[in-house]
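The two complexes that follow have subunit A in common; it is paired with subunit B in the first and with subunit C in the second.
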Partner chain A sequence: MKKSKVLTIFVCLVFFYLLFPLFITVVASFNSKDILTYPIDGFSLKWYKSAFSSSYISGFAISFQVGVVATIISLCFGVPVAYGLAKYKSKFTRAIKNVFFSPVLIPGIVLSYSLFLGWVFIAKEFDTRLPKLLVLMLAHIIVLFPYTIRVIGGAFEKFDFTIEDAAESLGATKKDFILHILLPSITPAIISASVLSFITSFNDIPISIFLYGRGSTPLPIIMMQDVEKYGDPSVAAVSVVLLFMTIGITYLIEKTLGLNNYGR
Partner chain B sequence: MNKEKLVIFLPSLCLIVVLVFIPLLMLAQKSLSVDGTISFANYLELFGDSTFKKALKNTFSISFFVVFATLLIGLPTAYFISRTQGRLKNVLLLLTLFPLLTNAVVRSISWMIILGYDGILSRLMSDLGLIDEPISLMYSKLAVIIGSTYIFLPLMIVSLIGVMDNISQEIEDASISLGASRLQTFFNVIIPNSMAGIIVGVVLVFTATLTAYTTPNILGGTRTVVLATLVQQYGTTLGRWELVSSISIFLFALTVVVITLINKSASLVGGRNEEK
Partner chain C sequence: MARLVLNDLKVSYDGKVNILEDYNLEIEDGKLVSILGPSGCGKTTTLKAVAGFLQSTGGEILIGDEDYSKVPVNKRNFGIVFQSYALFPNMTVFENVSYGLKLRKIPKDEIEKKVLDILETVELIALKDRKPENLSGGQRQRVALARALVISPKLLLLDEPLSNLDAKLRIEMRSQIKRMQQKFNITTILITHDQEECFSISDKVAIMNDGKIEQYDTPENIYSNPKSIFVADFVGFKNLLDVTRISPGVYRLSNGKNIEAEDVENAKKIAIRPQNIAVGQSSDSFIEGTIKVRTYLGEDYQYEVDTDLGEIVVSTSKAIALNTGDIIKLNFPKDGICVLAS
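Let's turn to the complex of A and B:
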């Protein structure tokens, strides 16, 4: 169809606005001087050396661990719930659905602070200091849980539950049914929920604000602190590495699932 | 209640109760207690606090501006993408979603370079003869608005494309063949039919901006404080813990109220019914 010229120019400007800042970050990461500017004074790769320094690497390791563990556990809790909500449609399930989606309503930083209070309470009353890494993981599970239910729930909505009775009457056990019928039929949803969850956890900052400790600081928080303190191009270099990681993941999503299934 | 339901729902109910409800109750209890007795003193102190009032005002004005800006930019963009076909559409969708997959620090750094002292914008303005000395827009309200609009625009576009894809081309053609201009068609046919997506987008962007922490922290710092950054600043930086709990509860309540209000007014207008 025909589109007006004005609209086309407008949309080009919008995409320039969306993408030019990322381009600036890439360029700024190659600066030879230790300031974040554009255009740069000279070309250098030294900030990439500091991007792979120990503090960023350990931050990456923390974020990676938290992301993977939180993704898996939120799936373990989320898949049965999504199944139950799709199978049993009653007043009761509609009510508890709201309970399960409640974390969405709570601002990340508020959830973070309330869990910090819980940590303090346990430290005082039970004289046990829970490892910060564990608390980070718990917090991230809570954040991911509603997303998991939503994505997996979408797949179960299309699932024909009479198959379950058919399988049972043909002699399949509950375990057979789950392993050979139920899970295979929602595999694409599980993959997209996993990718979405991992990225959400890996990028999240507010939920971790009150919960990280020494030796368990997630990467985005390390980056944010560096940006606040000074702003040498090493943060830009880390950003570029992360951008390429994101491009890789986006490519994988596009290849395996198609983008139309994503973010809806 | 049968056994299967119990096995399915009980573990997750426990999870939510232990990790969400109980900590929230502890938070509420802490915000209402002074030296072990129940009191509204923390809230009274909070509502008299000038920094809090400033943060509240900033939070609201920034959220309104960002919703307005993302709608203004998002509506034509989403319309354009929804009316594009084939490969180009996938590319445009990909380019829209891509920023959503990178973290807010990565996306805010470039705005430091653009808005900072003697940065890209400052040089552009002096080239145009608008300013004589290099300036910095960092830590201003404008910086937070520009940065947040940038961060949340994809969210708005994605919400809008979802419904605009379903508006059939025939309705549009009918409108044009009956003599309406393209612009009239956009305002009288496309926008009213996109109401559901507009409402979803407004709720998402408004609440996201209302509770955003990272972007206002990096681009607004301590000079343009919003509620979320105030929670952290009063807590870890200034040690005014007695106020942190009450601000947190306030921010939570505000989010719930805003979401309820927008959804209620939407169903009054007849936009969005029950979730599909």
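Let's turn to the complex of A and C:
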């Protein structure tokens, strides 16, 4: 009895520690004053109006586009690579895996700076200025790729590759096998990888801050700049909107696909 | 009709060393033939080449008059049961079995009839909507068998199909395999390293060693009349003794004694099973030895006996229990001896 009481208190403390900052943000977003304070001076919904202002909406659109495109492309490359790495094990497999994982292991700021230099190099040497939106997408693909391989690779670790032979012996072509058996078998992993990739891209600041440009500024950068410039509670309101959007999406995925049953 | 002939088949992994060379095997229509051998003898390579997973570098794979050696796997129409069963994890039992028929663009109602029919035969109707992960080993095995047979294959290939099952289930499954094979009257190759498993259900057995077939015969003939030292050793002739032929039907053993047996020119060894050695007849005993180790095998006892011919393995029925350290007399009856030239 006593033990469980201690545990309950401990768990409550941990939850409090984890959720208190979010709680403050939610409360602060309803402030009627123009500054971020806690506790608030009066209740107002005006910051939610500015949360849906055109600059945040366009930032959201940029982040969304970059996230979706980078996720899809990293999946298109990640699935075949993960399959190859799991199926054809050689003494180089480990080394190859490490190379693919390196973008996660290198400090984010170093990678970001390198990508920035790479962009400068291309702009100088080839005298072409790639559209900033495209540059952002390309950079995000590099960052997302390792996550994709890791999650998809996990699914392939348990995959019995004689299944490919079995399908072929029954008359299937490689394409039949991929469409009818391989992809359906790893659908849960593909969903996990997509969610993880999209969220990673959507949250990113280090990469984007080096590479964004006028008209292609992702939402996190806009929020960061507004905190510096104005310091009013509109960013808090945007955060709350994002928070509930995420909860909503997670709930939908959980309801329709049961992420928790598969994502392991 | 569907007689299978492997004609001078050649297989190589790297293009230099041949794993199989001038490999010949003939299987009559509707017969079940086992390829038996220790691991690394090339039996799996043979299966892979016949199935088409491994491109043969020479020779022919004939079924009737048609050469299949250049036909891609997915056009061969051979049914294959894999050691790991290789069921499709995303499909139910019904979908697994119907997959091959679906690819053949057979009308839906016909597929359903065929699949339900075969699931009935392997007693899996009740489980048709389950996913493979919710099946036991034996059930998976039966799904794999049904999936391979439902496409009416020209040839059925079984790759160590029973090795992942426990002993009791293995006996049940092997008679099921035999029943199905006879019901569909399909030419079948069974790959195995388990002698009992293949002797019990095969029409003929090919014993392989080092990429070659050492002996191809009925199980009965192989059991009683092995043609080479390797085969004799493999099928349980635990005692192999060096001999020199001194006159027709008479051989000299390493201890200088002569022994009579069937006449074979160039004889090198004689082989005798533990249970064929007579124990304890005092009269004209052949050799004497001391029991070193006694093992209890359920039906009988087995002894390792130290003699001047080296170690001899003998077995006796439970009625005559001897003890370690006992000195016993041994006789080699003429009809229990198998004479080997190679």
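The rule we apply is simple: the second predicted complex is superposed on the first by the 247 of 264 C-alpha atoms of A that agree within 3 Å, B and C clash if a C-alpha of one lies under 4 Å from a C-alpha of the other, contacts with A are read in each partner's own complex, and residues count from 1 in each chain.
In this text, a contact is a pair of C-beta atoms (placed from the backbone, for glycine too) under 8 Å apart; a residue touches a chain by one contact, two chains touch by 3 or more.
Remember, it's a predicted structure, so these values are computed and weren't measured experimentally.
A.B. asks: Does subunit C touch more residues of subunit A than subunit B does, or is it the other way round?
C.D. replies: Looking at subunit A, the partner in contact with more of its residues is B.
A.B. asks: After lining up the shared chain so the two structures overlap, which partner does A:Glu125 touch, if you call subunit B first and subunit C second: first, second, both or neither?
C.D. replies: neither
A.B. asks: Kindly classify A:Leu36 by the partners it touches after superposition: subunit B alone (first), subunit C alone (second), both, or neither?
C.D. replies: first
A.B. asks: Can A:Ile199 be said to touch subunit B (first), subunit C (second), both, or neither?
C.D. replies: In the superposition, A:Ile199 contacts subunit B only.
A.B. asks: Taking the superposition as given, does A:Thr173 touch the first partner, subunit B, the second, subunit C, both, or neither?
C.D. replies: Only subunit C is touched by A:Thr173; subunit B is not.
A.B. asks: Which partner chains sit in contact with A:Thr25 here, subunit B, subunit C, both or neither? Use first/second/both/neither.
C.D. replies: first
A.B. asks: Provide the residue numbers of subunit B that touch subunit A in the complex, in ascending order.
C.D. replies: Residues 1, 5, 7-9, 11-13, 15-16, 19-20, 22-24, 26-27, 30, 73, 76-77, 79-81, 83, 90, 92-114, 116, 119-120, 150, 153-154, 158, 162, 169, 182, 210-211, 213-214, 217-218, 221, 228, 231-232, 235-236, 244-245, 248-249, 251-252, 255-256, 259 of subunit B touch subunit A in their complex.
A.B. asks: Residue numbers of subunit C touching subunit A in their complex, please.
C.D. replies: Residue positions touching the partner: 51, 53, 73-80, 82-84, 86-91, 99-100, 103-104, 147-148, 151.
A.B. asks: Tell me, which parts of subunit A touch subunit B in their complex?
C.D. replies: These residues of subunit A touch subunit B: 1, 3-4, 7-8, 10-11, 14-15, 17-22, 24-25, 28, 36-38, 77-78, 80-81, 83-84, 88, 92, 96, 99-100, 102-103, 105-111, 113-115, 117-118, 121, 138-139, 141-142, 145, 199, 202-206, 209-210, 220, 223-224, 227-228, 231, 235-236, 239, 242-243, 246-247, 249-250, 254, 259-260, 262-264.
A.B. asks: Name, in rising order, each residue of subunit A that touches subunit C in their complex.
C.D. replies: Per the touch definition, subunit A meets subunit C at residues 160, 162-163, 165-173, 176, 180-181, 184-185, 187.
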